[in-house]
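One chain, chain A, appears in both complexes that follow, with chain B as partner in the first and chain C in the second.
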Partner chain A sequence: MNQLLQCKNMSKYYSKIPILQNISFHMRSGEHFTIVGPSGCGKTTLLRCLAGLEAISEGEICLKQKSIVNLKPEERSVVLMFQDSLLFPHLTVIENVTYGLKRRKWKKKERVRKAEQMLEKVKLLQLKNAFPHELSGGQKQRVSLARALVLKPDLLLLDEPFSSLDAALRESLRGEVKELLTEENITSLFITHDRDEAIEMGDRLAVMNNGTFIQIGEPYEVVTNPSSIESAKIIGEGLALEEGFIPLHKVTAVPMEQKPSEKDYVFVQGKVKAVTVKNNIPCYRVTFDQGSILVAADRKLEAGQNVLLFAKREDMKKYKKQDEQWRRVQ
Partner chain B sequence: MNGQSGFLNNKKRVITHLLPALAVTMLLVGYGLWSAIAQSFQTIEGEWTFASYVQLFNSHTFFHSLKLTFRVAILSTLLALMIGLIMTRMLYQFFKNSSSKILVWIPILIPHFVAGYLVYLFFSQSGLFSSLFYQLGLLDQRSDFPILVQEEFGIGMILTYVWKEVPFVILMLLPVYYEIDHRYGEVVRTLGGNKWDAFKTVEFPWLLPVIVETSVILVAFIASAFEIPYLLGVTRPEMLPVRAYEWFYDGDWSKRPLAFSAMILPGVLALLLAMLCIGAVQQHRLRMVKGRGR
Partner chain C sequence: MRFVFTRLGKRELVTSLMVVIFIAFFILPFVVVTLKSFSVGWRFPELLPQAYSLNGWQSIFRDPSLRESIVTTLMVGLYVVLLNLLLSLPAAKILSICSFKGKSIIEIALLSPILIPGMLLAMGLQFTMIRFGLADQILGVVLVHLIPTLPYAIRIMRAGYERLGTSLGEQASVLGAGPYLRFFTISLPLLLPSIRSLMLLTFVISLGQYALTAIIGGGNVMTLSLLYYPYFSSSNEAVIAGFSILFALLPLLFIGGVEIVLRLVIRAVNRV
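Our next item is the complex of A and B:
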């Protein structure tokens, strides 16, 4: 099976309020697993439980077939990278990167050599003697990554590490980080609330809502074929309706008065909230009863205009039945 | 241009508003300080001389007093810092949403003289503890109780200062603990460090500048305070402020320059100490402030 991490029926309660409910999943060695979900759904708590910073209330966590539930954070071969870089401000870049190796009693010469190699990989060797306040936000996150990777942990947990960076930097770092993780053969669990980031970073993707996984699968499958309306709203790229999901490329917006006459179409009333450009194509942010969608149109639309979102009924994908969905998630 | 002239106007206005307070401070404190320095370099007849300093450096009494003064000041400061740090570390979460921290600060409200008297009342051979132990049968006689006040080492004085200054240390350290981003401690743990590593790497570097500043304040204060050594000290050796007081109020006026120079020397030492320590931690503090968080 080559399973590195196994979580079985993991639950976490704060004052009897469930934060994580009956979570079960596994990760293969070298796999990049992404969890996406809205703020407050329990993503960070899940990572903290895996890192040992929070005790779980029920269930089992096995790393390399051994239970780690009762191990302290420092005894687990698991490193957590936070939203902020959290470099120690009084230590230089090289001292930050060697910090974990020093705790593991590596000889100074060896740990400096190893840290320099890692800094070379994140393209920051020339800044090894700089202090954190002399670095930019992106450089700090790179050092933070180097500090985690140099330890070669069995599992690297990344808690929205790019959320404090600007959009352009975030996009360029994503690719770099995934490449480096693959190169170093690091098994990683990445959480985010950004769907693009979730799709790009993961070999497999889990959708989380209210403390539980509601769908697990390959990113393309999850995005184009969400298993429930909740999953569709969180990750689906398209029109999430009660009766099913319509992929975005099948949806068009037209002015209200130009309603097509075909009876095999699905129509949803909406209103253009904003006009934007995506991939050099004019797009419209249309809000409707159950959410909003960024959609293209054959004709020019204007902000404030009432429109119809429509697609062929045959393009609608029905959600899976609850029991089938649950079986797939497990 | 407008902004520039506005700024200058503001600056002038600030100086004008501060002038009365500055004038009073400069006149009273500044004049007093200058007068003390001048008199330490003069004979009682007003001739300029280094005689009092030469006499001090040749005086065993002075060095015994200096030794006792800094022993009491440094030991009291170290103990107050250690106890204050441990208490802050243990209680800061509890104090966050609790008015019970007022209890810890009660000793701050009590004057030093009263604190000294309380220590005398509790810890002297005729005090409450010796009576209690005697009544419990732990002592055959009350005089078997160890001599903790009015003895040569200065235990009574140290006890008083520690009791009085621990709340001050807590008062200084508590805001720092609330300022520390405790995720750093979690970073240490996930990188393989234990709780002690987390303290060394995260808490201590944040506390260091405040610990240094608090130490300087405490050493300077204890080394120049009069009431506690006067109440709880012994006749010989006495703390420097007591020695200086005796020289000043002695019938022999020719010893007054000695009194001034005996207080100016530890003052200068404390000033040098302050400049050295604060200068040394300033860069560290800047790094901590600029480099924290993101």
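Our next item is the complex of A and C:
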């Protein structure tokens, strides 16, 4: 078993209020693991606990088979990259990147060479003598990434590093970062509340809600087969209903009057909130009691129109009892 | 007047007005005092002194206790500033970061030296100082100077720490920097503006203490202010002017020296 990180029954309380409850998972060396969940579900706290910035209340964290629970953040081979780039404003780009290497007592020549190599990889070598305030948001995040990667940590934790960037930049940076992480053979734990980002960045994906993991699996598996309605709402692409989950491509919207009579259809009442275009197909943002969904339709619909979302009953996937699979995963 | 208004925009007008006010209130007095220290009997209606001489300065530098008092003043000031830094940095850090029961009580307690007259405290403290053998000594004077300085020092540093926040320190710690390195490489350079104003303020307050120094120092610890105030009764205004300049130069000299040391330290820890 090539397990790099093992977390066993990790819990964290803030004045008796549970923030993390009984979290157990493992990561293989070189793996990219993502955690997705709504804001406030405890994702950031989890990362801070792993980095050592918060003490855990119960449980065990092992890195390379050694417990790191009692180690200070500076003694763990774990680097956390925060939501904001947090570059040191009084240091230049290259001084920022060499900061960690200097703490590890590398020779000056070595650390400058290594830092320049890393800046080259994030395509910012020409800005090595600039100060952080001269950089754009995306450039800052790249420097921050270089600063983390140059240390070759056993585990890199990324706390929504792209959330402060605009959509286009976020998408381009996402691919770049994943490539770089793979190239450098860095094991990474990435947290986000953006489902696309979670699916794209991870080899494995965990869905988190209320301080605990509710599903772990391959991204495709998790997205198409949510194990519960909560998971379906957070990550599933489709209609999340009490009795089951219907993948998006099986769902259609029709005007209220054209209710199909067959018994083997599932219906949900909804209202068209907005009309948009996705992948060159007109789509409709339909809201219903339990949320909203972007769906295609056979006929043209208008905003404000009452509609029915429907799908064949056989296309509905029941939420499976995950207990058994759960044990296997952990 | 109209000509001025039309030629200059509103903005320029305000700017030049500010410059004039600044010169009138901050530069001009200094020039006047400097001139005065070189003058002989410069009275009111005369625009410029009738005669110049070095008499004022000569009688200042002829005072045998001057050099000693400058050294004492600098020493007291240096210790006061260092003690203030030493005490206010941890206190301010905890007050800005942590929240705990009784925090507001501590905050009020820290402010109380400003609210209660320092003289009152000094009278009481003198007994304690005498008992501990600290009266009539530099150490005693330094300690009593903490009363009017420390509350300000903590306030200033606290504002600095609040502006700094905790995130950069956390980032440094996950990059492998321990508490001391974090302080020297991150907090110190970024808190420099606060540290600078702390040092200037506490030094100037310490420099201006007459009563506290006199009570606790008992005339043994001769600081510049103890030497300076009696000169007010002298009729030679040039001497007073000269002393005033000396007084104003001391903090500048001190801050200049400290600034050089600080920069050297920061550069040493923060090279690539």
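Simple rule for what comes next: the second predicted complex is superposed on the first by the 321 of 330 C-alpha atoms of A that agree within 3 Å, B and C clash if a C-alpha of one lies under 4 Å from a C-alpha of the other, contacts with A are read in each partner's own complex, and residues count from 1 in each chain.
The definition used in the following text is that contacts are C-beta pairs under 8 Å (C-beta built on N, C-alpha and C of every residue); 3 or more make two chains touch, one makes a residue touch a chain.
If you're wondering where the values come from, they're calculated on a predicted model, not measured in any experiment.
Asker: Assess the superposed three-chain arrangement around chain A: do chain B and chain C clash, or do they fit?
Answerer: clash
Asker: Go through the superposed model and pick first if A:S164 touches only chain B, second if only chain C, both, or neither.
Answerer: First partner only.
Asker: Contact-wise, after the overlay, does A:H90 reach chain B, chain C, both or neither (first, second, both, neither)?
Answerer: A:H90 sits against chain B and chain C alike.
Asker: One more residue to check, A:K140. First (chain B), second (chain C), both or neither?
Answerer: Touch partner of A:K140: chain B, not chain C.
Asker: In the overlaid three-chain picture, which partner chain does A:E31 touch, first (chain B) or second (chain C), both, or neither?
Answerer: neither
Asker: Between chain B (first) and chain C (second), which does A:E237 come into contact with in this model arrangement: first, second, both, or neither?
Answerer: In the superposition, A:E237 contacts neither chain B nor chain C.
Asker: Look at A:A51 in the shared chain and tell me whether it touches chain B only, chain C only, both, or neither; answer first, second, both or neither.
Answerer: Both partners, chain B and chain C.
Asker: Does the superposition put A:V79 against chain B (first), chain C (second), both, or neither?
Answerer: both
Asker: A:P132 in the overlay: touching chain B, chain C, both, or neither? Say first, second, both or neither.
Answerer: first
Asker: Given the touch rule stated above, what does A:G100 touch, chain B (first), chain C (second), both, or neither?
Answerer: both
Asker: Which chain A residues contact chain B in one complex and chain C in the other?
Answerer: Touching chain B and chain C on chain A: residues 51-53, 72-74, 78-80, 82, 84, 86, 88-90, 99-100, 103-104, 147-148, 151.
Asker: Once bound in the complex, which stretches of chain B touch chain A?
Answerer: 181, 183-184, 186-194, 197, 201-202, 205, 284, 286-294
Asker: Tell me, which parts of chain C touch chain A in their complex?
Answerer: 167-168, 170-178, 181, 185-186, 189-190, 270-272
Asker: Looking at the complex, which residues from chain A come into contact with chain C?
Answerer: 51-53, 72-74, 76, 78-80, 82, 84, 86, 88-91, 94-95, 98-100, 102-104, 108, 111-112, 147-148, 151
Asker: Given the complex with chain B, which residues does chain A contribute to the contact?
Answerer: 51-53, 72-74, 78-80, 82, 84-90, 99-100, 103-104, 131-133, 137, 140, 147-148, 151, 164
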